Every structure is written in C-alpha cells, then in structure tokens.
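Below are two complexes that have subunit A in common, paired first with subunit B and then with subunit C.
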Partner chain A sequence: MGSMFRGEEVALVQLFLPTAAAYSCVSQLGELGLVEFRDLNASVSAFQRRFVADVRRCEELEKTFTFLQEEVRRAGLALPVPEGRLPAPPPRDLLRIQEETDRLSQELRDVRGNQQALQIQLHQLRLHSAVLGQGHVPPLAAAQMDGPSERTPLLLSLGGPHKDLRVNFVAGAVEPHKAAALERLLWRACRGFLIASFRETEQQLEDPVTGEPATWMTFLISYWGEQIGQKIHKITDCFHCHVFPFLEQEEARRAALQQLQQQSQELQEVLGETERFLSQVLGRVQQLLPPRQVQVRKMKAVYLALNQCSVSTTHKCLIAEVWCATRDLPVLQEVLRDSSSEAGVSAVAHRIPCQDMPPTLIRTNRFTASFQGIVDAYGVGRYQEVNPAPYTIVTFPFLFAVMFGDVGHGLLMFLFALAMVLAEDRPAVKTAQNEIWQTFFGGRYLLLLMGLFSIYTGFIYNECFSRATTIFPSGWSVAAMANQSGWSDAFLAQHAVLTLDPSVKGVFLGPYPFGIDPVWSLAGNHLSFLNSFKMKMSVILGVTHMAFGVVLGVFNHLHFGQRHRLLLETLPELTFLLGLFGYLVFLVVYKWLSASATSAASAPSILIHFINMFLFSRSPSNQPLFPGQEVVQSTLVVLALATVPVLLLGTPLYLLCRQRRHSRRDPAGRQVGWVGHLPDSGVAGCWPLQATSLPPALQLVPSEVFMHQAIHTIEFCLGCISNTASYLRLWALSLAHAQLSEVLWAMVMRLGLGMGREVGVAAVALVPIFAAFAVLTVAILLVMEGLSAFLHALRLHWVEFQNKFYSGTGYKLSPFTFALEDE
Partner chain B sequence: TRVRGSPQASASASRVLLRMLSPLPGRGSAHLVCLQLGPASHPGIPRPAMTAHSFALPVIIFTTFWGLIGIAGPWFVPKGPNRGVIITMLVATAVCCYLFWLIAILAQLNPLFGPQLKNETIWYVRFLWE
Partner chain C sequence: MLECSELYFNVDHGFLEGLVRGCKASLLTQQDYINLAQCETLEDLKIHLQTTDYGNFLANQTNPLTVSKIDTEMRKRLCREFYYFRNNSLEPLSTFFTYMTCSYMIDNVILLMNGALQKKSVKEILVKCHPLGRFTEMEAVNIAETPSDLFNAVLVETPLAPFFQDCMSENTLDELNIELLRNKLYKSYLEAFYKFCKNHGDVTAEVMCPILEFEADRRAFIITLNSFGTELSKEDRETLYPTIGKLCPEGLRLLAQAEDFDQMKRVADHYGVYKPLFEAVGGNGGKTLEDVFYEHEVQINVLAFNRQFHYGVFYAYVKLKEQEMRNIVWIAECISQRHRTKINSYIPIL
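Showing the complex of A and B:
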C-alpha cells in the first residue's frame, strides 16, 4: 500500500553537535525541514538558557527593523519581497548587521528630525506673512484715510489725564475654534480699551505635525494703556496664539513681508533638499531591509532551537534530541557531515529508543492534502495507526453525492472546481487574500470529486435540475394500463388521479436499467416510492461503511501485535453488527428480490419483523419472508447477545491472566519490554521498540481495564443502533435537496416557460426569470445545500465510521523549518 | 391540487396535442432499440409497443464494467509513490458506485405499487410513450 495507509516510522535520534559547528548544522537542518527538536531544557526558564543573549540581540534588531518598516510605510513606499536563497548568516556577521542597521536608523531619525524642524519654521514664517499681509487696517489709519468724520473730534478732544495715549498693536494668529472664545474674553477683560479684528486666512496652511491643511484666524488688536497691554499678552499666551511684531508704518510692514517671503523661499529650498535626501535614505532601507529581515528571523529561530539542546559534560558539544522519519535518516547524517566538515570534528547522529509516543508523519501531495486535512481536523492519528484518509478520498465525496444527487448541480460544482484546478498555478490565484476564496481554493480537489460523484448519483436519482431524463424508455406502460382497465376519455375526465397497478399484465415491463424510472417524476405518489428506496439505501450504505470500519481495526490489531483482540473484540463486534443489521440488510434485499405485485396487499413488513425479532414475539398478520425465518432470527439475536459478555470481559481477563503469568515467570520484576496496553477505544498504545531496551511495563490496574472495556462495549453496542439510524440522514438530506430543487423549478422556471402563447412574451419574460432561477440555484441549492451535505458527510465519517477503529489522539511531526508559517 | 377548468376543455386540448403528434409516424420505432427479452407475449391481449427491460442484461453489463475498474484496473496502475492511493481509489469507487446502482435497480425490480398519475398526464403519456 502507499505511504498513506499508516503513518511513517519516526525515530528518536540523538545528535552530537560540536560547539563550533552547532550553529551551521542547525541552520542547515532548518533549511531542509526534516526534524523536530525536543526541548531538553524544559525545566529551565527562557532567561536562563545558554543562547539567551543572542536571542535578545536578534529581537532588538527586529525592533529596529520594525521601526524602519514603519517609516517606509509612512512614506507610502512598499517593501519588495526578498528573492533568492537567504541562509542564516554566521554569528560573527550579526555585529556587522547590527551596526549597519543602527547607522541607517540613526540617519533616518536625524533626517526626519531636521525635516520636522524645518517644517515648523516654515509654518511660522507663513503664519507671520499671513498676519502681515492680511490687510488688517488699524482703525486710526482708516480714520485718517477717511478724512474728517464724525469720529475724529471725539478722539482729538480727548485730553487731560490721557496725555500719553498711544495706540499699540498686537497681531497674531489663533486657531479658528479658539477665536470666538478669545474675542469674548478680550472683550470681557478689556472692554472698551481695545479694538480687535479677526479675519480668516485666505489660504490653508499645512500643519507641520499632522500634515493636514488648516485655516488660521489672524487678529489685530489695537489697544491703549500699559495694563491693558499686559492683560492682552497674558490672554494671548493663555490661548497659545502665535504673536508677531506689528509695525505701524505701512512701508515697514511691507518691507517685513518681503523679507519674510524671501526667508520662506530659502527655507523651502532647504526643505526640498532634505526631502530628497530622505527619499535616498528610504531607498537604501528598501533595498537592505527585506533580506536582512529574513536572515535575522532565521538566525533567531536557529538560536531558539539551539536553546533546546543540552550541553555535554565536557562542554565541547551540544546534545540534541530530534524526531526524524526513519526514511530521512541517511539524509540527516549526510547533512550533518557536510555542515560540520570545516569544524574538524563531525557531528554524529544515532538512534535511541523512545519511551514516549512518537509524532505521526504522513506525507501528502497537493491532491491528498485536503483529504488528510479533514481527517486531521478531527484528530491526528496515533503513531502508526491505520489512516482513514485514503478511503475518505472516495467515500467522502460519495456520501456527499448521495445527499446532493443532481446532474445539473453536480455539473456546476465540477466545472467550478475544474476552473480552480486548471488555474492553480497562476500567481494571481495563489496570492489572493480573501479568506473565503482561500477556503474554497484549498478544497478544490475535494470539490472536484464531490461534483463528479454528484453527477453520477444525479443520473441514478434521475434528476437534472429536478427534471427527469428518459435516456432509456420507461419501464411502466401507461397505454397498457389504460387499455386493460378501460380508461376511456370520459372515465379519465371524471377521475383526477389514477394509479398504475403493476399486477396488471403489461403495465410494468421491467426495472429501469440505470437509475430511477422517469415515470416517477410525473407521479403524485413519487415520495412514497422514493422514501422507501432511500431509507433502505441509507441503511445498506451505513451498515457497509461501518462494517468496513470494524474490518480496518483488524490491521491495527495485527500491526501492534495484539492478536488476541482479533478473537476477543473484532469477531464479537462483527458478529453483533452483521448479525443484527447485516440481517436487516439481508431482509431488505430478499424482499426486493422476492416480492410480487400480485400479493402486494399482504406483503410482509420488514419493520414489524425486525421489531418482533428483538421482542421474541410474532404478529400473526405479518407473513414470514422465507421458511424458517423465526428460527434464524432467534438464533441471530441469541448469538448477538452472547457476544456482549465476550466483548465486555474477554480482553481484560486475557490481559490480566497474561500479566499474572509474566510476573510468575519473572518475579524479580524485570518485565518483558513492551509498553503497557493503554485501553483506549479499540486502539493499541504499543509501538515497536528497539530490542536493546527494557522499559518498565505499566502495571495493569484491573478496575481500570475493566472499566475501559465496559465503556467500549457499551459504546459499540448502543452505537451500532444509533449509528445505523444516523445514516438515515443520507435519506433526509437527499429528500430535502430534491424537494428544494423541485419547488424552485415549479415556482420560478415553470412560470416563465408556461407564459403566453405569443412568441415574444415568453422570451422576454424568461430573461429575468432565468436570472432569478440561476441566482437562487447557486445561493440556495449549491452553496447552502452543498455546505449542509458537506457537514453531514463529514459527521458521518468522523463519528460513525471512525469510532469503529480510529482514536485520533496523536500529534503531528512539526519539523523545524524556516518556511513561512502561513503555508 | 389545482382547480381545473371544465374537463371538456382539457380533453379537447389533449386531442389537439394528439393531432399534432400523429404526423410523426416514425417516432415510436425510435424506442425499439432495446432487446426484447422480457415477459412473454400473452395470447389474446395485444402486445404493447413498449419494449420490456430485462434485468439480466444491465446486471451483466454493469458488473463487468465496475469489475473491470475495480478488479482489473489495479493491475495497470503504473509504479510510483502514489500507486497505493490510486488502487484504493479505484477499488473504492468501483464498490461504491456499483453498490449504489445495484440498490437502485433492485428496489425497482418487483414494485408493490405503481405511480399515481394525473389524468392529464395519462392522456399525454399514453400516446407519447407509445
């Protein structure tokens, strides 16, 4: 059988790595991804391990990388993907990388700081020029321009105590949302002694910190009096306004404005230069960062792996314990030899016996990976137990198709999956980020097989978008029935529905050769026939599937050397299952073969026979199917009941007897080497050990063993009944799908096709009607029903099939590898 | 159940349909491609033009077909790392599909009751599936 039949043999290997070559050896192992390191320093905290300093240096480097990455992102640039093979750099390069990175980040920080400062300066200059150029005309000047007016005498007449009346100005800029408050406060505090004029800047200025354009309110306050001046200054300070010197004379102001403009121009040039330099630095960062990130990440991983090794007593080499597939041992040894060649002493690997359960390794390709994935989602198998995945490749799509059977829907699903499979190598498809698409894409082979089997079961159910096809002529002759029963036109006009009778000669001409007869899709009682057919089909498929599961357990017993379980567990289980439910299948098939339509009214009922079988009673009205049926049934029930104590007591008694025999033989307590039988649900906990080992065998505690076996027996016997009934979901879901499909056709498409006798009306109406039909088909019948059938097929596999032989309590071999985690 | 108009109208509609179909005389013979194994002719009663379906022939054909895939196919799988998986797939497919088809045909072998058809359907099918 292929390698998927059971997990590969995994060995525990001890590596002796000379200290000088340890780093390069582990780095090479990481590149190959062959082995899983076991943590030998589990009792040591992370801060006390040997290479913690190196790990910390790598982490600091990563922090710097994050800062650089953030800066690049802020500038709106993207980091290119690193290409080529980038092995982990040797430890002596770490210092160089660190210096390089630190220099770059310092440069970047300096340039950024400069840029900030320049921008703030520019902002100030701009504000100043806005204030000056705003055109606030001081009121006195305005009064002078107006010439003599009503106001002038008032001012001129002021004399006396206000001899030193001089108007002063405060000019500045304030944020617009504070302007109203500022104005209010100024008025309240210095009422009457100032005139303030507020105006909004015409252009928006860029805020140096956030970079967002904002408008500012410029103000010009004219006041007189020292104290008022002080108050105003305090208030403007409180509001964080930018205050600028305001010269009275117009020309002075103009000169100042010109100077400001010159200054801001120069500043802008300097700013431009700075930004050019910044983009240069960012370009260097873009080039340098991605490969360094990969290298440092690898380095950190190597040091973390090295931290898991223990140091030998002579401190000359590191000892590592790894799990490695037996098949890969030669490669491992070669790699170690090559990478430690320059150190003089070569690294050594040798196999040691293991006491713990090794991890499970099953190699898959891209086709089998999705099927192994759904098995592993339930639980990874124990070391070397039988893997259900190769059978799941066919039985899962098949059981899905039994619940989904429709040619049209299956064809749509198949084509969709085929499109994905044919386009799977395209880079655009592989790098798509949408999670739902990734889910569908990952299961493309699953969908392909599901669609294919659905087409097949669709042909058998004779349903194509709920319509039946007559590939072969139907096996029911309406004409014969009509002729022989005298169905004249008048008779037909009086009776709305009439039933064909198979006992009339010539009406039933033989079973339809492939699938369900198309006449049933025209019949009003088609559900009666289909229900009976599908229920019996579900039971037959279920009993077959479960019996197959029990048989697979045989391989487990043989492999783990527990032949007693063949006799004490598998045989009673098969007897119970086949004796009761295999007999039910036999009754079903026998009735199919032997029933005749002439005696249809008195046909025996399998259900009543089955119930009476368990109750050891009989119904007089129910005729036996075959002579001697009662004897056969009683025998089978007694046999099945007899297997229960065998199942319950057989294995524990045998194991206890054997233990007593062994302890009698070796009273010194040196037991024969095999790890004790872990009484799980039917799966061994024993794995082949090296001949050199003599591990202490687990003492079997009698009560525990009996209890485990009792649980297993109850689970199996009651499970037989409930699991068989559980397979009836195959019937239920296929019925639901057929009914939904038919309702959609009858309510949507039939309206469009039956519309109007004129040529044009139906054609135009069909376009939106078909659109609705298509959307509802995809949304309800493909997506919703598909997911539903998928889930139920999964449940049937995980619970009903796998609990007959699979324990799923192992763990996967997760090799030490540098491949990205999102694989 | 739909409320129907006058029964006369539906009867006459079926008659129109019949007249539309009758100018196609060769229609019936297209069905007579299957072998005529089946119930023996009954003297006195006119033999219907429908052909009988045999049971033995489909069983032989499909058993051979799936037997070839499931039993003979594994011998021709080329040697390679995936040989075991492919053989498992072939055998499992053959078993599943054959079993499913067999259940379908056995369930219809000896029907205990027949389809219940509406009178319009009887009118139509009676002459169409001649």
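Showing the complex of A and C:
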C-alpha cells in the first residue's frame, strides 16, 4: 500500500545472457512478468534481426494452427481452454512440434479433400436427378404423344426436307441469379432457334463448399442443328452450368433416375464413413491444438524479446537492457541464476545509470485498480510523482455522493455493487464478455464506496427517495408557536401558511443532532434554505479540495529536491488561494457561528462584503461581521496580489541565477549533480534531472522558462476563481437530483397512494404504479443521474484537483509477460 | 446541378470521400519503397508489406511465394475496396464508378477475343483478366465472330453497349481488327466519360477533365508510336484518336501524318505540357515514353486530392493504387530474378 503514494523506484538493468541460456532466461522472465525490455535494435529493420528465422518458423506454425482452428470451427466444435502451466518449449522441441502439426494438418487436409470431393459428387448426382425428375417434358415430344394438335402438322411438313434433322436437348442446372441472363443470352445468340424452359428445383440442395442450402434452376433447351448446339454448349459453359445427358424416352429417363438414386445412396454411405474418420481426426486436433498454440505463442514472444537484445562483441552473450522495479531486483537475480545454471555460465544483471525518464510502476490490487484507472485515464504519472489515487479513493466517492445524496438510491447502488463484489470470484461473472457489464464490473469497488457515501450524504440531506425521515425528534415545536402567539381556529382556517419564529421562546429547541431537520420538508422555504446551505457547502468543499491539491505539490517538490519551488511556488499559491477564497470560507463559517435568530434581520451579507473586499469600499447598509474587518480584508487582497509577481518571476529568475553561477564555476559544462544509482544514494534517484545535470545543449532557455511560468501563473490565478465557481456544480447537481426524485415521487407514487379509499382499488392500481416508479427510479435517477454525477466528479478530480500538482506525463511500465497470452 | 454543390456533397458522398482519403493516406511512402528495395527475398518483401497497410494479406498463401501470387492478392484487395465504394455509392457517383470499370471491361473483352483467336482455353485467359472488369457475360465473348455479333449477342446489356456505335462492322475478327476495335471502343469510352464529367460540372469537371484529356492524348501518342511500321493507314489512324484532349484538333492531324518518333516529338513540342515529357525520354536512367507518361499521370492524380467535394479522388485513388501495385510487382520481379540493377526504377507516389 505504501507504493500507492508514489510510483515505485525503477532501475535500468543490463542483463548479460549467455547465448546458450538466453532463451530459457527470457522465457522464465516472461512467466514472471518482472521487466520491460528496451529495444536496442531500433535502427535495425524487422527482417535483419538475429532471431528472425525462428520468429518466421513460429509464424509458419501459427499459420498451420489457424488452418486447424478454422477446420475445427467449421465442424461446429469448440476448442477446450488449455489447462495447467505450459512453459515455452525449449527450442529443440520446435522441430518436433512442427512435424507433429504438419502431419496432422496434412491428414486433415486429405480427409477433408476426400469429403469435399464426395460431397461435390453427391451434389452433382442430386442435381442430375433433380433435372430428370423435374418433369421437363420436351415440348415436341409432348406434342407428338398427345396426338395431332394444331402444331404438329405444321412442324412435320416443315421438317419434310430435313428428315435427318433431329431435335436435340441440353439439360442442366444453373444458379438462380444467373438464369435470367442465361436465358436472354441464349435467345439473342441463337436468334430464337431453340426452346428453353426453366424451373426451380423443388427441394433445396446443400452447396458442397459453403454447406448452405440453395435452390437451383434446372433448364431444358431443345434446339435444331449442330451450329446452334455448339453455341449453346459454349454459352452454358461460360455460365458454369452443370449439363447432364438427357434421354428422350421417358422410360429411359425413369431408369436413369432410379440408377442415380441408387448411386447417391451408395455415395452417402461412403460419405458417412469419411465423416466419421474426419471427426476422429478433428478430435485429435481438439486435444492437441490449444496447448500447442499457447506454447508456440510464448515461444514467438520470447524470440521477439530476444530480437530486442544486442549481441556482445565476443558473440558469447546477448545484452539486454530492461526496466525493473528495484524491489524485484533480488528476484530477477535469482531467476537469472536458476535458469542459466544449466549452461554453465551464469547470467548477470547489474544496474546502469540512465538519462531517460524511467517508466512509472504502481502496483494495484483489485480494490485500488479502479481508482488508479481513473487517475491513469487522465495521464500516467511522471516517474515517482505523487500519485493522487489514494486520495481519490476517499474524495471521489465523497464528491459523487454530495451530488447523489439519497439514502434509498445510495442503498440500491451499494447493494448492486455488493452483489458484484461477493460474486467476483465466480467464473461466469468474470468471463462475461458484455462490454457494458465489464465496465460496471471493473468499477465494482468504486460503486460500492459511491453507494456507501451516498447513504451517508443522504442522511445528511435527510432524504430517502426524496422523503424526509424522522429519526430524532425535530428541533422545532409547532405547539409552542401556537401557544405563544395564540392562534385561534378562525386564524388557522384563514391562513394556509404560517411562520415559525425561532426567536419566540420554546419554538426552536436546538439543532437537529444529525443532518437536516425533517421539519424543513414541510416548510415553504425548504428550497431556499437548502440552496443557501448547499452553495456554501460546495464552496467550502471546493476550497478545501484545491488547497489539499496545492499541499500535495509540496511532496513533489521535496521528493525531487526542488526546495526553491516550496518558497517560490507553493507558498504564494497557498497565500493566493487561502487569502481570497479561504477568507470567503472563513466568512461563511463565522457568520454561521455569530449570527443568531434574533439578529437575523440585520445580519450582514457575505456576498456584498466579498465584493467590497476587492473594490476596497464599504456599503453603509451592510454591517461588518467583526471589528477591524476592513483592515484584514485590504491586507489579504494586497497580499494575494503581491504573490502574483513572485509566482510569475520567482522560479525563472532563481533557475537562471543558479545556471549562471554554475556556468561561471564550471565553464566546460561538466555534468554536475548527476546522481548515481546506488540504492543508498538518497532521495532523488536520477530523475528528474536537475537543471544543473542537463547537458549543455539542454540548458535553460530564458524565454521558454519565463513563458512556461507565465502560463502556469495565469492558469493558477484565473483557475482559482473559475475552479471555485466550478465546484458549485456540486450544489447544482445535488439540487437537480433532489428535485428530480421529488418530482418522481409527487407525480407517480403520491398519485397512486392518493387513489380510491377502498382497499381493493388502491391495491390493484398500486402495482403498475409502483412498477413505473421503480423503473423510472432505476433508469433515470440511478443510471442517468448516477452517470452525470460520476462525470462531474471525474471532472472535479481531473481538472480542479489534479492540475494543482499532477503533471501526468509519464508512461507505464509494461512488463514482458505471458499473462496476456495465457488468457 | 445547382451552384454551391459543396453544401450538400457530403450528404450523399461525404462518407466515401472521407474513406478514400483515408485509403490514400495508406499508400506506400518513399521510405517504404526504400525498405522494399532492400529486401533480399520475397519473404522479406512480405514481412515488410506486413508493416504497412497491406497487413497480412499474404498470410494464407502457401509457399513458395511468387510474384503472380502477390499481384493477384493485391488486385483482390483493390477490388474489395473498390466494390465497397461502389456498393455504398449513390447516383451519380455510382455511374461514375461504372465508367471507371468500363476501361477494364474493354481490356478484358479484347483479351478474351485475342485468346479465342489463338485457340486458348477460356479458363487460361480468365486468370489474366482484371477483376475490376469482370462481368457475367464475359466468358461468352468467344462465340462472336463479328463485332456486330459481339454487340448483339453479348455486350448489349453491359455498360459497354453505348461505345459500340462507332465500331459496328461485319469484318471478321482478326488480330488487327481486334486491335482497331479496342482503340475505337476506348475512344468512344473516353469521350463518353469526358462528356459525363463535363455535364456533371463543378469541381468534378475541373479535376476529371484534365485527367481524361491527358489520358486521351497519351492514347493518341501511344497509338501513333505503335502504328509505325504496320499496315495501318494514316486515315484509319486518325479515326482512332480520342478527340477530347489538348492535342485536338491540330495536334491530332499532325500526329496522323507523323512517320517516326522524331516527327512525333516535333508535334509534342508545340504543347507546353508534353514537351518536357518527351525531353525526359531516354534521359537519366533510360526512361521510356511509357514511364514518363506514368510519372505524369501520378502527378496529376495526386493533384486531384488537393480539391474537395468531387468524384475525381476515387478515380485518382484507383489509378495511384494501380501504380503502387505496378511498383511492388516491379520490385518483386527484380528481387525474384536477382536483377537488382534496375530495382529503383519504380515510380514513387508522392
């Protein structure tokens, strides 16, 4: 948990891996996920690296795996998830795996090919029998069989001189979308010297390649003459039609049909055998494939990591540069020793100094992960910068709850989150693929705290589904008021609204023990009372939050050894913020404590005071809050304005002075203060490099420093004003939430409860009304309002809080690990 | 067309224009070409292409990798992109796309007829056909014996039909006639396309017309060059020239009279655009006229991307992609034939 406050110390480590043991070392590192490899061959293109041949072999294998996987998927089978620990196989096993896989895939390919060929054959047979069985009757033959009709004599007489010219047939099948084009082309090309009839097949046939059922068009073309016949054959060829022999006699056709059916039956039996064999082979694939896939993927990852190492001059070992957390160094040493013990020469790791900014490593657990996620979404912190995440754990749900305060809604959210937390270890919950669900599930602890805090603020606001609850007796007594002012029945009948005067004795007994007095929910000025309260509360929370942010900056300055910034930045910033807005908070609290009910009419207005403070004026109608207020106010404004030039010029002038001093002492520009990497070197490590440690080329440019500081100053000073105003969103959102739930209650539930005196009617009507209330509560108040409050809380953290101290310009340590591959 | 068509161009075609600009950004850069030219084997080439937008389009190819496999896969990719554009397009952009496919269809028809003439099987030739110019009746081309036959039976339903008006004749289809047919088809195709763009107006006309004019002039030059020493008469030659280019009409008349390359060059010297092109021929690196024309084509196609709200980007993108494919094939051929001296004479797309 200590590491949550700032990123862990990370060191650049050089590994000397003996060539023989390099593979096993890296594979072991991948299992543990300790280190991030730096690419030492960035200038070398992908195919000129050392292990490119091995990578290519792994890719070849993966290609075969893809083929096998595709086949298994096509057969409608699922691949089991590999179990147990599967280390990357030693390089010499690659050949064996390759042979094994190749043999299997070859076998599968053969069987598959056989099956396909059989299926195509079967398809052909079926098409043929469909063509024959379709009952295309040759028009001419039909006419002859039917005996003399109108047409026959004409044809016969025409046919007289061409007795030898027989009518020929072409029968076949074509895909339906081509049928129309085929028919037209036939007609045009042969100028109508043919009769073609097209029909759809009755039953759908399975396509042998895709396996999808499809209808086909069968056709029968009758034509005269050789020339036309050739043309027809060419055309049918080009449309990829299946053309079958067509016998003229019906009996012959019937016999052929029978024969075809017999053939197809036999073929089906053979096909069944083949499919059984195929499923056997697929079963073997199913068993073998998943572990092999994992292994080869690991192997490829290892080679890719090895490709980032450079080769030592003696070719005896590989040199790798890795980022590794200092805490993990002993583990790293041990791993290297263990895995290189076989090779005889031990792998060595030692720290080397570095110029670059190390990556940020913050270890999280399942609880802190979602909070760290919120911070990282803004920007990953610089190396060893103060991490806002631990504070976010408290402030985020709290600010959310300020906007979402309602006991009922908070409880629902809490229970939902609790259910997720309790079920988090169930595999079904963990592996759910739904993206929205994953989002909620990832933030379950966040939701839990948000729900919990909402219950708390709900009690403060005294609202449960917008209804006030009376836990303690109210601090206001109506009876006392009635007795003291002697309200008669007639008076009561005339006046719908009555005033409770706290200055009358016995009416106001004392503050309500916790939260807001329930009597306010009956009051006509409920809203204006809450507005005043919530507005002041928002300002107080906002100023506190921002001041806390500025204070956190102190830890950054201390840690990075930039003590001048304490005096030149943090101090003026705090003065500015607290002098102006801290004073406003003071006024609010002071007035709460000092103004009593008796003096309410003449109580001073804070707003006017605050405005007058900047104008250095006073308004006679507005009494001062305390004696000497004007002097204090003027002092504070002058002080605050005086901090601006300090903030603007302090740091740049200091840096430039220091640089000049150093360059005078050190004309060669020697790198001073370059901190070594020994563990005992104290606070700073090597990052951030101080101005003095920069190489001469990177020395400060005055204009840039001034510009940077000017931007920072303007941002901070204007930001103080606008950010304070921005915290008023707490008030606005909580108001909106309270009003929305109030409206929902008044428009839906109260309507239902006020309906019908008889028990039966009300009971029946309440069921749908409650359903509507429940659905609207969840959809609008919980989900929609919850999302908007979440968004605003996020903004308050990212913009208003984090810009006071957090730069977020680092990058994450992404260790070389097999963990992702294992998934 | 109303004025200010920019205002509503995006309603119909904005998505596709955005897409095509994205695709154009994925064209290989100079650095990619340099890397490709350094490859030792086709496998290296494949690895390099994997790092570009081509991705692992060769992943499922069985070994050994050959140039023709690469070419086919690249064509398939281009086709996929093109059909995606076409399927998502609205009128009149879809007509524009149809016009774009016509040139490939003409080539395919001619290729098939030539194949039929040499008694090659249809399947063998189908492989060589450009996939962008495929159409259903294509394979039936070889049943025709005369151009009018071809028109009446096969092509009457295809978009090519209108281009046949000028070339209906009862001549038998021999090699020369087929070549004439191709050029006549091309002529009427270019003229029709030009008319379409001109009628469309706006930026499309401003961008497409120069491109098509150049295309027409290039054809005129190439026809002239190829007709030297053949039995083609000068009158016939003149009828083949597309009449939309900058050369029309005087330049074409002069070209028709040209008898050798030098005379042709003299004709080109009258035109500011073509003079530098002809001067570059045979210069450094022994460039051919074809190379020079390709370079100029790339240049004007790249320029098309400088304007927005027009259809020319689609045409330009397909042409640039084709050039890129030619480049890759060239490099791949050089690698596979170990003929590295000329590997750098590809035409980079800037």
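Keep this in mind: the second predicted complex is superposed on the first by the 649 of 823 C-alpha atoms of A that agree within 3 Å, B and C clash if a C-alpha of one lies under 4 Å from a C-alpha of the other, contacts with A are read in each partner's own complex, and residues count from 1 in each chain.
Please note the rule applied: a residue touches a chain if its C-beta (ideal position, glycine included) is under 8 Å from a C-beta of that chain, and two chains touch if they have at least 3 such contacts.
These figures come from a predicted structure and were not determined experimentally.
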**Request:** Please indicate which partner A:A189 is in contact with in the superposed arrangement: first for subunit B, second for subunit C, both, or neither.
**Result:** second
**Request:** Considering only touches as defined above, state whether A:A117 meets subunit B (first), subunit C (second), both or neither.
**Result:** neither
**Prompt:** Now for A:V761: first (subunit B), second (subunit C), both, or neither, which partner does it touch?
**Reply:** neither
**Message:** With both complexes superposed on chain A, which partner does A:V519 reach: first (subunit B), second (subunit C), both or neither?
**Reply:** first
**Request:** Would you sort A:C238 into first (subunit B), second (subunit C), both or neither based on which partner it touches?
**Result:** second
**Prompt:** So, A:S45: does it touch subunit B (first), subunit C (second), both, or neither?
**Reply:** second
**Message:** Just checking: does A:K63 make contact with subunit B only, subunit C only, both, or neither of them? Give me first, second, both or neither.
**Reply:** second
**Request:** Between subunit B and subunit C, point out the one touching more subunit A residues.
**Result:** B
**Message:** Tell me the contact category for A:S477 with respect to subunit B and subunit C: first, second, both or neither.
**Reply:** first
**Message:** Show me the residue ranges of subunit A that touch subunit C in the complex, using the header's touch definition.
**Reply:** 45-47, 52, 56, 63, 178, 181, 184-185, 188-189, 231, 234-235, 237-239
**Of all residues in subunit B, those that touch subunit A in their complex** = 1, 4, 7-8, 10-11, 31, 34, 38-39, 42, 45-55, 57-58, 81-85, 87-89, 92-93, 96-97, 99-101, 103-119, 121-123, 125-127, 129-130
**Fill in**
Contacts from subunit A onto subunit B in the complex sit at residues 1-5, 365, 368, 390-391, 393-395, 398, 402, 456-457, 460, 472-484, 487, 489, 492-502, 505-517, 519-520, 522-526, 528-529, 532-533, 536-537, 540-541, 544, 589, 592-597, 600, 603
**Contacting residues of subunit C [partner subunit A, same complex]** = 35, 38-39, 43-44, 47-48, 51, 59-60, 122, 136-140, 142-143, 152-154, 156-157
